[in-house]
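Chain naming follows the written order as A, B, C and D, and within any one chain the residues start at number 1.
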Amino acid sequence: MQKSDIIFSCVTYPRSAKENVIGNCGVAGREGDILDGKGYVEMTGIDPQTSKDICEIIKSKGGRYLEAQIQGSKIEADEGSLVILTAGDKSLFIDCQSCFKAMGKTAFFLGDTGYATKTNLILQLMKGIALVGLAEGLALADRCGISSKDVLNIFKLTNLNCDYLTNKADLIVKKDFKHVEQAIEHMQKDMKLTLDLSDQLKQPLLMTSTANEVYKHARRLGYDGHDASCIYMRT
Amino acid sequence: MQKSDIIFSCVTYPRSAKENVIGNCGVAGREGDILDGKGYVEMTGIDPQTSKDICEIIKSKGGRYLEAQIQGSKIEADEGSLVILTAGDKSLFIDCQSCFKAMGKTAFFLGDTGYATKTNLILQLMKGIALVGLAEGLALADRCGISSKDVLNIFKLTNLNCDYLTNKADLIVKKDFKHVEQAIEHMQKDMKLTLDLSDQLKQPLLMTSTANEVYKHARRLGYDGHDASCIYMRT
Amino acid sequence: MQKSDIIFSCVTYPRSAKENVIGNCGVAGREGDILDGKGYVEMTGIDPQTSKDICEIIKSKGGRYLEAQIQGSKIEADEGSLVILTAGDKSLFIDCQSCFKAMGKTAFFLGDTGYATKTNLILQLMKGIALVGLAEGLALADRCGISSKDVLNIFKLTNLNCDYLTNKADLIVKKDFKHVEQAIEHMQKDMKLTLDLSDQLKQPLLMTSTANEVYKHARRLGYDGHDASCIYMRT
Amino acid sequence: MQKSDIIFSCVTYPRSAKENVIGNCGVAGREGDILDGKGYVEMTGIDPQTSKDICEIIKSKGGRYLEAQIQGSKIEADEGSLVILTAGDKSLFIDCQSCFKAMGKTAFFLGDTGYATKTNLILQLMKGIALVGLAEGLALADRCGISSKDVLNIFKLTNLNCDYLTNKADLIVKKDFKHVEQAIEHMQKDMKLTLDLSDQLKQPLLMTSTANEVYKHARRLGYDGHDASCIYMRT
């Protein structure tokens, strides 16, 4: 910390992200830590409240905070086509431009802390639901004696064709769930964070809550560590 | 009927499709009707059982039957990029080639009567679920104070970007549900037919059944005749 | 039929009930069958439309029709405490009084054909949902390391205590699903008939549709012929 | 605190319950607070984790902790027929006997801290689901032109008859949702706490999550402060 001007944090869960900042060994955990204008960029997929909590701590130590949420999986990372959603300190966003350009095709600055995490969860919600729909359809096809592969070939010609669902359908056709683009526990975490957000807003999310139970069920059956598309196995 | 060699049927509901064939004025309703090799192509979005029933009648009169289900909406129709899924009598499929080419970019022959209707319902299921997910996400965005338009702009850069969802999101952003690509009652009909199919197979379809209730709710609120994306208004 | 003045029909599915009346060997299937004031009481658990169809046929042959739906299972049958819901021909209802009294504690006449079947489905919906709730709760208890038996003992002291749920909880505690009070396929049939009814009315039934998928899932896992409480095994 | 030997805490939300203990004015918030064997009984409807957190603090100050969860609403309170579920310090449970007897008909001691809160949530889950089922059925009845009152009269003769559902049905028949037995926000809180618990255990709770969305929807429509049975208005 003494030497870096900008710290990028990227762990697995909101709790760990927060502990990285608060904890005894955290960047702002010890008394007298003065961040003095240094930047802290949180890239962990987190909820708005955790992000605001981290933001407050960083700012109280004189640091600058930016939440930067990544849209895209390993495939987009390899292609350099990740989309980066940021919010918080705009000067820090500008300072990070070169880094963001190396990572993704576009970086958005969306305003006050919380807007990037919210927007990210909204997009994850859409993906999470569409994926369960894909798996449910392919499971029905299988039950009808229609091969997933044939459905996928037709699917690619329809107007629902997109990289996200095609990649997932490929994994389902091959039943290759150990090829992890996004682990099911991370997908379920995003569904849960979105539901927690909706709870505070009293916003009903029928499909998200049902999708969440489907992901939970697959995790219950022991699929942690597999790609989220493994829900196909339980539908 | 005396003059046509191939009849194309395209009405709104399975019941009407069947009545067109069975009813007093139907092609095969009167005694002594001999179809004698003539072709009957059912393009109405129907369920496998209705299709098999129609097939049986047509064949019993000496006719040839083909179920031809259309993937795509008005937009694809205008662009000539509809996908046509067929099953039944292969010789009739071949006889229809020129017609199908005029309508769409690709026509598939999938085997015995029932396979095209099933495959079509499976693809509709995926669309129907993804659409409710899109609407649920945009409703949450709105509730968070994030404009649908901003979400749509980011959405277009993600790997879930596809014509189907982008077109629907456009309608939601404009709240232009009278611009009907697919009427909500047709979408809900497809969900219902898929659920009926799954019932016979004892195949659970959690997301489809929840999506069906969402479409029903919007219909209950008086949205018949509007585009299916109008579910945004009830989420 | 020649000798009986009142026929009581009680089979398993709506389709069989209708075939009993329409089919070649059915009471009204042959030409010239004149029922001439005789009574036909349909006790099969059926949907309103099937009941109306049967009613029409019986009446067209000069017969009188009454739908009589049974609330209660084997336990209530043994205790003579079944509740009988009827609708249709009131004179036939009166003629059946002695029979109904032998079977149950109360028989209601609810009006035109359809009202008894609808009321029965509504009560089945409530039971079907409450039962999935019970099973879901007991499954969570088990997962928490709390025995079903302990929960049941406390449950009996709460204001949700009732014979229906207590009997079902007993079966779950004993995992004695071969002791069939109501077979899962009949319960799922009732959920499906209720959903079909709601579809015609565009009435959303979120919980019923989710419960239906749970029952379907258990059937898919091979539990046909077991008591409906066997859903505990899949939750 | 100086004078009381046992403190009973009963507020609305887990957060407030915890703050009562931790906060600046809380019983254990100030340094040097020595509880020295005094008892702290948490009667707020809370989740197991919050209860364990409170327990830890109380014990660290030398106090004894008991979670005591109440099954029953105002009606049972008036009748003295509440059921009290407790867990934690058994000596404190014994010391509270006279108090508990004044409040309810039975008090259970269920073991280590957490077991009473879990058991309570499990019973709440069952009630919460059964109530949505009741409302869904009565809404369907209304849509069918069958009066809620008639259904209720028949319901009372079935084996699902119980005080909980009958009381709720009474409120629905009268549309008297300002007569609050249990406010909808408390019911939804219990659903949410149960879902959070299930999330940690990866235990799918399909019906609970759907019920939770129904309660959320009613809250969204402005029904906070009304009895939970007001969900009838949104079904």
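We take it that contacts are C-beta pairs under 8 Å (C-beta built on N, C-alpha and C of every residue); 3 or more make two chains touch, one makes a residue touch a chain.
If you want to know which protein each chain is, UniProt gives these names: A, B, C, D = Putative oxidoreductase protein.
Note that this is a predicted model, so its numbers are computed, not measured.
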Based on CA centres, what chain would you say lies at the far end from chain D?
B
Could you put a whole-Å number on the gap between the CA centroids of chain B and chain D?
47
With chain centres taken as the means of their Cα atoms, state the distance from chain C to chain D in Å.
33
If you look at chain B, which of its residues touch at least two other chains?
198, 203-206, 210, 213-214
By the document's touch definition, which label belongs to this structure's chain graph: line, ring, star, complete, or other?
ring
In their complex, what parts of chain B are in touch with chain C?
192, 195, 198-199, 202-206, 209-210, 212-214, 216-217, 219-220
Given the complex, residues on chain D that touch chain C span 71-73, 75-76, 83, 85, 105-106, 108, 110, 115, 118-119, 122-123, 125-130, 132-134, 136-141, 143-144, 146, 150-151, 154-155, 157-165, 167, 194, 197-198, 201, 203-208, 210-211, 213-214, 235
